[in-house]
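Listed below are the structures to be examined.
Each of the next two complexes has chain A plus one other chain: chain B in the first, chain C in the second.
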Partner chain A sequence: MSTNNEWPLWEVFLRTKKGLNHKHVGSIHAADEEMAIENARDVYTRRNEGISIWVVESSHIHASSPSEQESLFDAANDKVYRHPTFYNIPDEVGHI
Partner chain B sequence: MGEISLEEKFQNTIDKESKIEPKDWMPDGYRKNLIRQISQHAHSEIIGMLPEGNWITRAPSLMRKVSLLAKVQDEAGHGLYLYSAMETLGLSRDESLEQLITGKAKYSSIFNYPTISWADIGAIGWLVDGAAIVNQVALQRTSYGPYARAMVKICKEESFHQRQGFEIMTNLAKGTKEQKEMAQNALNRFWWPSLMMFGPSDKDSTHSDQSLKWKIKRMTNDELRQEFVNKTIPQVEFLGLTVPDPDLKLNKKTGQYEFGAINWEEFYNVIKGRGPCNKERIAARTKAQKEGEWVKAAAKAYSAKKINRRNTKAA
Partner chain C sequence: MKLSNLETFCLILADSNLILGHRLSEWCGHGPELEQDIALINVSLDLIGQSRSLYQHIAKNGETEDDIAYLRDAKDFKNHLLCEIPNGHFGDTIIRQFLYDSFHYFLLEGLTKCKNNFLRGYALKSIKEVQYHLKHSGNWSIRLGDGTNESHNKLQESLNNIWAYTPEMFELNTPEIQFYEKLGLNKDKIKNNWINHTNNVLREATLKIPESNWGQSGGKTGQHTEHLGFILAEMQHVRRSYPDAKNW
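Up next, the complex of A and B:
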């Protein structure tokens, strides 16, 4: 059996209810975007898990590499002054 | 200070109970072991649809029919979650399905037993899904992120499967004499194969030690099997049925049920393709793949045509 008929892979994002953002839930194979939405509906929303679906062809996703993790994210570690708890507010002022 | 090796870093991540994600470095053995286990798990979900599908058109009521239909559809969904997790490790869906029909990849031996009466559908939901739940609950903590996430989704849905099975068994066991006999007969046939679902005994399990160190598996086969027996025997008693094991007894000191010897010869026979339904199951998959091939080709051609038309219009 040939394998060249394999349909492309799509990443599936669901909005579980209004007011929340779409969240990645998994992936699905489909020949085109219409079928990807239909398949995502059958596979990922059998129990009211979503009210809106996004599908993105997996090959269109660009990701950072785990080897860049330090250079990308560690720089934030020594910037404690970006957090509100870094600043002293006298108790008598109350909540700011 | 020496640099720590990739392998040490990998093991440290696992020891800290952090997850390994698709693009992280991993040893070849870890990748291979996971592909084997996840694809076997996915194939089991897909093959598992066949013995149950056998009863969809003959379910005794419309309610039982829609429940069974929904359960079988869930099994398809579970297979798809797992194939997606497996694909993040580099084996394609088509290659994996090919390995299923050529026999290179295995699936759970339990699905090579036939479903000859309606009670078997009850027994499968109760025992087979029950055993799967014990296994899968532990796997929610597996070290590979996509596999763990698939397990969380699957566990949420399995509970309905087991409850619908137990309800079928309860109705039969509390029904007429013939119905109770049918339930007992199904239990007799599915009891030992259900215990075999957890795989070989720890002393004979080839993949166990490494899998536990890498936290692919979180409990040994024998530990999981014992947990299943402890959970299930009180349910058997509630039904007023008995398991086909004269050696079964409660050890009051340990609180564990001790059970008789498993017929491992039968287990290995079924794994090697000599179970009652191995040929039938693989034939059904082969037919589905062969006869579905033109649909895949047509949908792909249609998609290419649509993209082409869109591009021509834009130009």
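Up next, the complex of A and C:
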């Protein structure tokens, strides 16, 4: 929460079309969730960018720490069995 | 120039949208919050776009929509006076917008079922945008009216100041009444819907509707407030100064 008179920050997620995931597109300020949806609509969806909006108050998002980069993400890539690269995915499956 | 009833009807609506759209465009870069700056400009662009298709429809003899928008003087503009009132503070703008959006929405709702093909198509396309305008200005009226003491008092003052410009939207002369009948457009229904909706929202906003029924009119016959001349001077300046600039 902000300590001054500023509205809280909200993260905006858009679904661009049916079947796709909501993707983070940016953030906006708003006093409550209803205003957040409207502001997100006005700032991010005026050119047919989306068919659905999610907003989440930024303070509710917990992020990993940059200092843990190595221990969290630097997986041993030589263990090939970790990656599902031995399957062919048919085109008809679409987005999974 | 003698205008047909259809042309007069289109001009009243197009001029109202254009002038109010221009007024809202004055907020660009001055909105109280970045998000609301963008929101007001979105509404502005919607309204200007709508006026454009109406001008295109009534343009004739090689005229373009630009000629109609930029080369007429104040006395030829038929917009409702409400649309040319200065922006004032954010609350003034919101109340002006709410009172117009409600009228605009119920007018378009009627037009979606009218007997003129062009106007029906126009209304079906525009009403989606105006539905959002109405939601936006209505929500803000409630937020500010039912907000702090300061915002409530400011908004009540905005409402009191602009109220006298609302009756004009429902004043129809004889040819207009005949045209409404020809279209199958029910003027009483539009007015009653407007009264009901504005009453509901303003009540939720804890605002008191002014009791006076006195109304200032004249916009539709070209008798404008002193403000319109200044709007046109700014809006038409480039087009009139560079009449040969075709691509801009």
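Here is the rule we use: the second predicted complex is superposed on the first by the 78 of 96 C-alpha atoms of A that agree within 3 Å, B and C clash if a C-alpha of one lies under 4 Å from a C-alpha of the other, contacts with A are read in each partner's own complex, and residues count from 1 in each chain.
In this section, a residue touches a chain if its C-beta (ideal position, glycine included) is under 8 Å from a C-beta of that chain, and two chains touch if they have at least 3 such contacts.
Everything numeric here is computed off the predicted structure, so don't read it as measured data.
Contacts of A:Ala63 after superposition on the shared chain: chain B is touched, whereas chain C is not. When the shared chain is aligned, chain C comes close enough to touch A:Glu38, but chain B does not. By the touch criterion stated above, A:Gly26 is placed in contact with chain B alone, chain C being left untouched. Of the two partner chains placed by the overlay, neither chain B nor chain C lies in contact with A:Ala76. Of the two partner chains placed by the overlay, chain B and chain C both lie in contact with A:Arg46.
Of the two partner chains placed around the shared chain by superposition, chain B and chain C are both touched by A:Trp7.
Of the two partner chains placed by superposition, A:Val93 touches none, neither chain B nor chain C. In the superposition on chain A, chain A positions 7, 28-29, 31, 35, 42-43, 46 are in contact with chain B in one complex as well as with chain C in the other. In the complex of the two chains, the chain C residues touching chain A come out as 33-36, 38-39, 42, 132, 135-136, 139, 143. In the complex of the two chains, the chain B residues touching chain A come out as 21, 23-25, 70, 73-74, 77, 80-81, 84, 87, 92-95, 98, 149-150, 153, 157, 289-290, 293, 296-297, 299-300, 302-303, 306.
Partner chain C is touched in their complex by these residues of chain A: 7, 28-31, 34-35, 38-39, 41-43, 46. For chain A in complex with chain B, the residues that touch the partner chain are 1-3, 5-7, 9, 26-29, 31-32, 35, 42-43, 46-47, 63, 65-66.
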